[in-house]
Amino acid sequence: MTLNCQEVLDEIHREIQPLIGRGTIPDYIPPLAKVSGKKFGMALQTTDGQSCEIGDAAERFSIQSISKLFSLTLAFRLVGTSLWKRVGREPSGTPFNSLVQLEYERGIPRNPFINAGALVITDIILEHVDDPQKTYLSFLQQITGIPSVKISKTVYQAEIKSGHRNRALANLLKDFGNLRHNVEDVLSFYFFQCAVMMNCTELAMASLFLANNGEAPVAGEVVSQRHAKRINAVMLTCGTYDAAGDFAYRVGLPGKSGVGGGIVAVVPGRMSLCVWSPALNSAGNSYAGTKALELFTTKTRLSVF
Amino acid sequence: MTLNCQEVLDEIHREIQPLIGRGTIPDYIPPLAKVSGKKFGMALQTTDGQSCEIGDAAERFSIQSISKLFSLTLAFRLVGTSLWKRVGREPSGTPFNSLVQLEYERGIPRNPFINAGALVITDIILEHVDDPQKTYLSFLQQITGIPSVKISKTVYQAEIKSGHRNRALANLLKDFGNLRHNVEDVLSFYFFQCAVMMNCTELAMASLFLANNGEAPVAGEVVSQRHAKRINAVMLTCGTYDAAGDFAYRVGLPGKSGVGGGIVAVVPGRMSLCVWSPALNSAGNSYAGTKALELFTTKTRLSVF
Amino acid sequence: MTLNCQEVLDEIHREIQPLIGRGTIPDYIPPLAKVSGKKFGMALQTTDGQSCEIGDAAERFSIQSISKLFSLTLAFRLVGTSLWKRVGREPSGTPFNSLVQLEYERGIPRNPFINAGALVITDIILEHVDDPQKTYLSFLQQITGIPSVKISKTVYQAEIKSGHRNRALANLLKDFGNLRHNVEDVLSFYFFQCAVMMNCTELAMASLFLANNGEAPVAGEVVSQRHAKRINAVMLTCGTYDAAGDFAYRVGLPGKSGVGGGIVAVVPGRMSLCVWSPALNSAGNSYAGTKALELFTTKTRLSVF
Amino acid sequence: MTLNCQEVLDEIHREIQPLIGRGTIPDYIPPLAKVSGKKFGMALQTTDGQSCEIGDAAERFSIQSISKLFSLTLAFRLVGTSLWKRVGREPSGTPFNSLVQLEYERGIPRNPFINAGALVITDIILEHVDDPQKTYLSFLQQITGIPSVKISKTVYQAEIKSGHRNRALANLLKDFGNLRHNVEDVLSFYFFQCAVMMNCTELAMASLFLANNGEAPVAGEVVSQRHAKRINAVMLTCGTYDAAGDFAYRVGLPGKSGVGGGIVAVVPGRMSLCVWSPALNSAGNSYAGTKALELFTTKTRLSVF
């Protein structure tokens, strides 16, 4: 099936209009609260080189937890599957920032896509690179081919200031012996990752390797084919907080969302997508974004199921 | 890619030998404890009519929780998506028979594949059919084309006798108002479903509609294409208890397991599989069976990811 | 200090008037829902033979969980401290009928005054007496000296019919191996205990042994002095569900409440009291009853603290 | 009954010998791990001026959580019962440093004697005094009459360094809005309190006001009679972590323990006691200390029950 991707995105753009702005803009990170709920963008990159976009696809936003996808990839490159000694790969069944499960399970986070898991991944990266912030940005610049990718210092500062819950998680991990670095160093690098600014087109490009057997168009092999599939599997079961089951049911693609309103999704072998709209549903995923992806797989039948 | 399925199964059969028997035979249902841990069978049905099998693929075993897949399908046929009012579709993050989550979430089970969820599905079926046991067996006979499919009365009686945990779950559901029928009627029909005896070939045939846009080869449309995809999605995120993430990571296919040692898996658009080996890993899924499916997707690259 | 007990009760009766009826009549056991919320009675028995009462102290009501006090006493007589092998003596920190803690703590109930604990106590009694219902009533008749003490068959039937949560608890206990008798036999005897009808004067008399070194005025030694103190200790830390801390803080006496609106309290060495008023506070204890006991210890300074 | 207190203590000293050293010395605060497990001391102060001591009663140790008793008293003096808006007074049913309950109950700690509760009490004190460390020490010096009471800087530094769990609790409280001061300021003052060094005689003297209607022998009224009773009530239901029920059952007195091996206990109207022995039972209370107090109430029948 050849897909006229621009036509599909245009159709979605028309149909999604009434839903844009539904949901809530999170207010616990002040700079995020200032973004207009009316924004909506979507971009798509195919493995054979097509690329389409609509709406605000060129406007950068705070990638927030989508960064967990790139951190996991980086950690895979650095230490391979040994990372699973310190973090699980099961859905959590609880909100992304809960401490309950972490205490019951004695400091082993359920998966790398909840905050506790990403803190452990961050600790792993810190152990293996000299200049972690630079390494992280270079990696994103490489896989997107866009040298201007950078963080928002305003968001970074705001996260450091308001991150009591993440600070509680990090201290609990430390107490259980599952952080090797200083708590504040881990948090600081974690918040740095969350504060990266990218747009839909850049994020679709950055995740194309996951649809392409591990290879990025410009940068070459990011991870092996096997690892790319595995990252997709973890995304599908754990990528959208405690709405992973619903996302699989409605959208049917591996995806990773962030509270900045972005969602990245992958059609294995075919393409990567990114949608952005800041107002969130009750599970913390973009309301219009989730709906747009649902429209996409309904129209194209590209669900993995 | 054309697949010589018999060759693949034969290869798996050779490689899996050292692992057969690893794990534990569950002892809480006495008739199940008597089955030899040395059994191993595997069968495969493609949507274009091929069929292959190895080992003990023709020996019937207790399908146990694999029945939850057929119960959910039946309920979908009877009431459609309205069933989601009474049961969720999120991974549970807890063992299959836990009461903790059910109490916290006030009687709405996490998904139809944990025991509490299957009890609610059972209650829904009871509401819409006159002779539930007959309906259930007829349905299985239809989609397999095998009129001799039936239950083991020994297993059925043993489950009724030992099912204290399920009785606790059913009473808690009743207390929360999420069972409409008498607790013992629901349990009795639930245990009936678990006590069905089928072999790998029959189970692969019975689940082929999930790989075939909802259509069974002989019986015609079982559910719509859309519903078939959705059942696959729920299987992938919730089908193997609290090891769903690991199963997705290793195998990469929607699958549903039972404590009888069987696992059904689906390659959307291509084929359905069933593997059986009674000794279970710590998550309650067949040890050799899970490994055999992992070998299968590694060899064939047929993971959905 | 000599106490003019009638004067004190009369004063309380006057002051409590505006509070009678505040709170909620529980509706899950239909016969209890029919009792008027305007009822209020209080009775007191001293170890030196005084006895006073006010209001509806002579009207019998459903003793409900106050029966747990007498069941624990009976079990102490039958098996002594060996009962602590099967039930703990720590406050639960959760509602009286929660299954969560019981599952986490693998079938050992926190204490004999939550429902799960009382079911284990019931199982222990069943093991040691031939005609448990008769034994139970005889025991109450003996320690009160009132041969007419009996159950309400209407309440008994209603409990059997609506007791899904207790049935869930009993099945979970059975699953963990902490019930030796048939689940329905245990439940039936448990509901029998809850269905006993007594009035404030009878209940004050029935618990006088706890204030009197284990001796009942007519019946003689009920338990040893040491055991009487220990039962008082368990009452103080566990007797009023998850409001035990608040009850100790406000009232300062060992006490045991029931959802029928009764509360028994003990002033060690001095006297026993019973208050009754059917409308309950949010923790399931009589609203006016708790306040009346608080007034009592404020006026008399008889708190144990 | 006149009590020859020295005789009683001497008897206990003889009988307790075989138990001294049983249990475990906690190792998570290095300076505490260096104290000899063979230490045992006990002291008693009566409201009519008697005072007795045995063993190592004059050797100072780290009072640790016993400080929570004095912090609660200080907070009562500063803000009265309004402190209950920010902390409960129910037993927790979970270990002293658990985050689970705190998350479920949205940042309101169960009681002032678990770590989370004491952090809130610490925050309250910080709000009302200018020089909190000085105020705290002055208060202890006043109620003991011993001007040399001070902290161990070694313990203080060690706590600051190793307190990841407490840091997690404090950040979670901050996240829920139940800390008004800077997290590190609250922790620093909290660790200061834990690091106070006192001996048995000093601690018995310091808690005598709780047995004496709120009045300290030298310092006069510490709190009102009513508040003294209430503090005793909270101690009895919550003072010994999740062994409060067992402590009430065995000892039958309001008591507060610390991981330094000390336990303070109160006989209302009569006397205060302190026992010290560093090796702890599995609930974190001094093994020999608990036994010694049990012997004391068995011998003297001074249990409140």
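Residue numbering begins at 1 within each chain, and the chains themselves are lettered A, B, C and D in the order written.
Please note the rule applied: a contact is a pair of C-beta atoms (placed from the backbone, for glycine too) under 8 Å apart; a residue touches a chain by one contact, two chains touch by 3 or more.
Since the model is a prediction, treat every value here as computed from it, not as a measurement.
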> If you average the Cα atoms per chain, which one ends up farthest from subunit B?
Replying inline: D
>> Can you compute the centre-to-centre distance for subunit C and subunit D, using the mean CA position of each chain? Integer Å is fine.
In response: 32
>> Distance between subunit A and subunit C based on Cα centroids, please, to the nearest Å.
In response: 55
> When the centre of a chain is set as the mean of its C-alpha atoms, what distance in Å lies between subunit B and subunit C?
Replying inline: 47
> Using the touch rule from the top of the page, what residues of subunit D touch 2 or more other chains?
Replying inline: none
> Every touching chain pair, please?
Replying inline: A-B, A-D, B-C, C-D
> Where on subunit C does subunit D make contact in their complex?
Replying inline: 88-94, 101, 110-111, 228-230, 232-234, 236-238, 242-246, 248-249, 252, 254, 268, 303-305
> subunit B touches which residues of subunit C in the complex?
Replying inline: 98-100, 103-104, 164-165, 167-172, 174-175, 183
